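Across the two complexes that follow, chain A remains constant while its partner is chain B and subsequently chain C.
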Partner chain A sequence: MKFEPLKLNKNEFQSFLKELAKDHDLFAPVRLAEGVSVYRRIDSTDEIDLDAFNPQKPLKELFFPQSEAMLRFEKVENRHRVTSADQIKKPRVVLGARACDIQAVSILDDVFLGKEYTDVYFLKKRQSTTLIAFACNSPLSTCFCASTGGGPFDRKGSDLFFIDLGESYLVEPLTDKGKALTQSTLFVKASQHDIAFASELEKKAVQKTDASLPMEGIEKKLDQLMESRFWDRVHEKCIGCGVCTFLCPTCHCFDIVDEAVNEQGQRVRNWDTCLSSLYSLETSGHNPRPSGRERTRQRVMHKFNYFPKNFKKIACVGCGRCIIYCPVNFDIRQVIQDAQKGEVSKNP
Partner chain B sequence: MVQKKLREKAKELLSKKEVDLIIGFGEGSQPLRATPVFVRTPEEADRLVWNSFCENNLATYLHKFNRFKVGIVVKGCDARSVTALALEKRFKPEQIVLIGIPCQRMIDRKKLKKAVKGEIVKVREEGDKIIVSAEDGEVVLRRDDFLYPLCKACTHRNPVQETLLVGDRVEEAALTGPNPEAREFEKKSPEERWAFFEKETDRCIRCYACREACPMCYCTECFVDSSNPKWIEKSLSPSDLQFYHIVRAYHQTGRCTNCGACERACPMDIRLTYLTQKLNQEVEELFQFETGVDPGALPPLSTYKADDPQEFIK
Partner chain C sequence: MKNPYLPIPMVVKKACVETSDRMLRTLELGFENEEDEKAFQFIPGQFCELSLFGKGEAPFGIASSPTEKGTLKFTINKAGVVTTALHQVEEGTPIGIRGPLGNGYPIERFEGKNILVIGGGFAFTTLRSLIVYLLQPQNRSKVKDITVIYGARMPGLLLYKQELEAWTKTNDLKLVVTVDAGDKDWKGKVGLVPNVLEEVAPASENTYAVICGPPVMIKFTFPKLEALKFPYERIYTSLEKRMKCGIGKCGRCNIGHLYVCKDGPVFSYDQLAILPKDY
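This part shows the complex of A and B:
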């Protein structure tokens, strides 16, 4: 480890946040209703909902918002004037993200900051953000990050890593950016006992996370299944809403529209979902993905076949949101298992 | 036991080839969940389950299978949706075999989750009790405390039309009066009502799960998806979210069976049914009409008579 682990007493946590808020825009899970939270910019530190296991809407929203103005336009005295939309003004700190969501943002890096294209909207947010991750002490039964190359205590992609020890946090600076946030006297050197306790928590959490999902070879397996009858049955229960894709931390499809009234407007980029018929509907009226069968297949193929082909990694981090929030209990884990066998199980 | 009889009935229908498939519920992949299953052979019929988590309105799948002869497992509310859809000529009534189950009323899984510390790993029902296993071991809860509000208010737990009935009829008695959430909403001042509506719709993510879960939302092109004319923008501006929710509710007038599938489907826990309850209440008062109860009665907003008897229309 590059930096010594530190410790922050929970009594000092609010002071730490207040210090951060002086020079940064702070983002954290905020509760919108009982059991419902999202990442939002916080004005007051008591809005933070760290009990939320994982906010409904994933971390991607802070880098790739559901609706984002790209530019504004207006007609002034017979001339068109185009202005850039709001940009980041202050450095940002995101607090409370789990390893799965952070891994997902690095997957989005491949898309938005790839070799061929750089998305300036994504890039600016990414560059100006420091990520403070929170270790996941109690993974749920729907969590399978250990099957997708991550883990509840996975530190990849975080700048600063917090582990909840009960009365205090063990704080591991992982990058220079992260280290810079721990300069205050609120942080003290962690004891050997704290470090040992944290690693015990880690061991427990890792044991609790499902690592058994057979991901090995899934890309090749799906190659063979493209035209298979397999999909005839897989999609049946899917009602074609966008819950799984919108709440997925790695799904990144979007649609760009102009919203204009009278002589001014804005160009907006909105999340889109491959599960909607409209997504693939062509101007002619032809739809190359005419039914739920093709649309469900697209969702699975993109995550576990096309994405690995393009970027050498699957586009799933095992956060389990698509399983928890699906109105009809469509379970992606079952699809993976069935795809590996090449047939839909009779007793899902 | 209902589940056993259900499987027997399903096997019989499939082996006599009276239906091409049966839409029912199977065991979910997590506790507190059941999942829709599509059963095509007598052997597969053993996948069917019946419990208090069979919350989906399966009538929404009939649009997918409108070229088949379909057996469908229905609660009282779902059966009414099937009738309403047949009246709207979505399929011929003879295409559908209703397997009706007098409903024990469904358990609100989200409420149950919030009542227990830690993740629920197991759940079982014993009479009027729910026994859940979570972080602190087993917890015994009263079933009545965890029913969906609409189920508590339900007065049509038995399918009203003729069905292949599985299980014994239950006595129709609502634990609360009808439309409980609409009545709560009515008590508020106009400003409070707006504030409530605004707060709820504000967290909408436009995934349209409410629309897709609803059997009555089946337009080939929903007004939100139309680009020419464009009725609504696609972003998350409050006015667009509010517009969507108002129109979605209005399109249900005289067509909603108070099944609550829309609200259960919402990943953001947005309260939706107080709006449709209010509309149902109005339709009942103004037209003495309840959706899907009389297979011969067209929804009031789908018919026109020169001599409409209602005074308020003239």
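This part shows the complex of A and C:
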């Protein structure tokens, strides 16, 4: 490890946040209602909800907002004055992100920071953000990050890694950016006992996480299933509401619309979903994905076949949101298992 | 850093209705800034996102050729919100464009080959770009015979009529224009594109075919090309999909793992053969 692990007493946590807030915008999970928390910019440290397992809306929202102004325009003397709305005022710190969501942001890097074109809106937010991850001590039954190349204590992509030891946090600086946030005297050197306890917690959490999903060879298997009757069964249950795609930390499709009165207004991008028939419907009336069959196939194929073809990794981090929030209990894990067998065992 | 979503400012220099049903209109756009014009280098088959602030953006193939300097041409089918608004703009109206986007036709592969161009309806736009490009004397000497088959439902629906007239008079290409149904003034060919292709029957040896048209035309023309023994890798087409960003981010135009906006819109048939039929 590059840096020594540190320790922060929970009593000092508020002071740490106050220090951070001096020259950063702070973002953390905020509870909106029972069981619903989202990442929000916080003004007061009381707003933070670290008890929530994982915010309902994923971390992607801070880099790729649900609705985001891209350009502002107005008409001046028969010409348009257009400005890019990509300003970030202050450096940002995100607190309390889980490993799965952080892994997902690195998947979004592949899309938005591609070689040919760079998405400046995503890039600016990414560059100005330091990520403080919190380890998952108690993964849920819907978690399968250990099957998708991650884990509840996975540190990849984090700048600073917090492990809840009960009375205190074990704090691991992982990058220079993360280390820079631990300069204050609030942080003390972690003891051997703390480190041993943290690794015990890690072992327990890893054991609890489902690592049994057969992901090996899924890309090739799906190649064979492309035109199969398999999809006739898979899609039957899905009502196409799209909640799985909106809450997915790696889904990144968007629509672009103008909001304007008299040619003055803004160009906005909004999250979109491939499960909607309007998504691919053309003005002529032709729809290349005319039924739920093609649309469900698109969702599954994009994550486990198309994305691996382009970026050599699957576009799923096992966060389980699509399973938790699906109104008809569609379970992506079942689809993977069935695809591996080449047949639908029961309605996924 | 360059923001790929920021349109280049253009202005409408000229607008003309192309067809008797008034559904197709060609806009000629000029650059507002000289440096934008210099930086805008494209090849036939590429497209742009046209931007009317307050209405939105829509993608259109570039109908002019890189050899025609100074302006860009787009022929627009009136169908939705943006295209309807584009049918109403007048000379002097400011318009934004993003581009050139996409891959374009594989011009360098055409060197030393015969070229067969098959177009139907208003999909003739980027084919016009290609033909004008190939007819430029310097480029013309690089390819062998050029055959163009162009069909429309009725004579009134043919695009670029003056140019078609001029092309019939040159020896630089063989042009066959056909309509599904003629009218009293029509003296040309009557017949469907696939049948005309059979009649004209250009040799497939050493020849590239480029085919753009409505799905039904493609569906019946493609088997004729197969019968003429055109190998899949020498048949190219240009696809359209409902796209938004044009740069491979927004996810809307994928066919399998490829994106029509950045991996296309021009694809060869051997590429398409292994992709799902999501188009």
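Definition applied: the second predicted complex is superposed on the first by the 340 of 348 C-alpha atoms of A that agree within 3 Å, B and C clash if a C-alpha of one lies under 4 Å from a C-alpha of the other, contacts with A are read in each partner's own complex, and residues count from 1 in each chain.
Here is the rule we go by: a contact is a pair of C-beta atoms (placed from the backbone, for glycine too) under 8 Å apart; a residue touches a chain by one contact, two chains touch by 3 or more.
What you see is a predicted model, and the numbers here were worked out from it, not measured in a lab.
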**Request:** After aligning the two structures on chain A, examine chain B and chain C and state clash or fit.
**Result:** fit
**Message:** Tell me which partner touches more residues of chain A in the superposed arrangement, chain B or chain C.
**Reply:** C
**Request:** Go through the superposed model and pick first if A:255 touches only chain B, second if only chain C, both, or neither.
**Result:** both
**Request:** Examine A:111 and indicate which partner it touches, taking first as chain B and second as chain C; both and neither are also allowed.
**Result:** second
**Request:** Could you tell me if A:224 is touching chain B, chain C, both of them or neither one (first, second, both, neither)?
**Result:** neither
**Message:** After the superposition on A, what does A:140 contact: first (chain B), second (chain C), both or neither?
**Reply:** first
**Asked** First (chain B), second (chain C), both or neither: which does A:199 touch?
**Response** neither
**Prompt:** Of the partners chain B and chain C, which touch A:184 in the superposed model: first, second, both, neither?
**Reply:** neither
**Prompt:** What is the contact status of A:279 with respect to chain B (first) and chain C (second): first, second, both, or neither?
**Reply:** second
**Asked** Angle at chain A, chain B to chain C, CA centres, as a multiple of 10°?
**Response** 90
**Message:** Applying the document's definition of touch, where does A:212 land relative to chain B and chain C: first, second, both, or neither?
**Reply:** neither
**Request:** Quick one: minimum Cα-Cα distance, chain B versus chain C, in the superposed arrangement, integer Å.
**Result:** 6
**Fill in**
Overlap of the chain B and chain C interfaces on chain A comprises residues 255, 257
**Asked** Which chain A residues qualify as touching chain B in the complex?
**Response** 32-36, 38, 56-57, 66-67, 138, 140-142, 233, 236-237, 239-243, 246-247, 255, 257, 259, 268, 270, 273, 276, 278, 292, 323-325, 327-331, 333-334, 346-348
**chain C partner contacts - residues on chain A that touch it in the complex** = 70-71, 73, 75, 78-80, 82, 84, 86, 111-112, 114, 116-121, 123, 226-227, 252-258, 260-265, 267, 269, 272, 274, 279-284, 286, 288-289, 294, 297-298, 301-302, 305-307, 309-310
**Item:** Contacting residues of chain B [partner chain A, same complex]
**Value:** 26-30, 33-38, 43-44, 47, 56, 60-61, 64, 110, 113-114, 118-119, 121, 202-203, 205-209, 211-213, 225, 233-237, 261, 264-265, 267-269
**chain A-facing residues of chain C, complex** = 1-7, 9, 32, 53-57, 79-80, 83, 92, 94, 96, 215, 240-242, 244-245, 247-252, 254, 256-257, 262, 276, 278-279
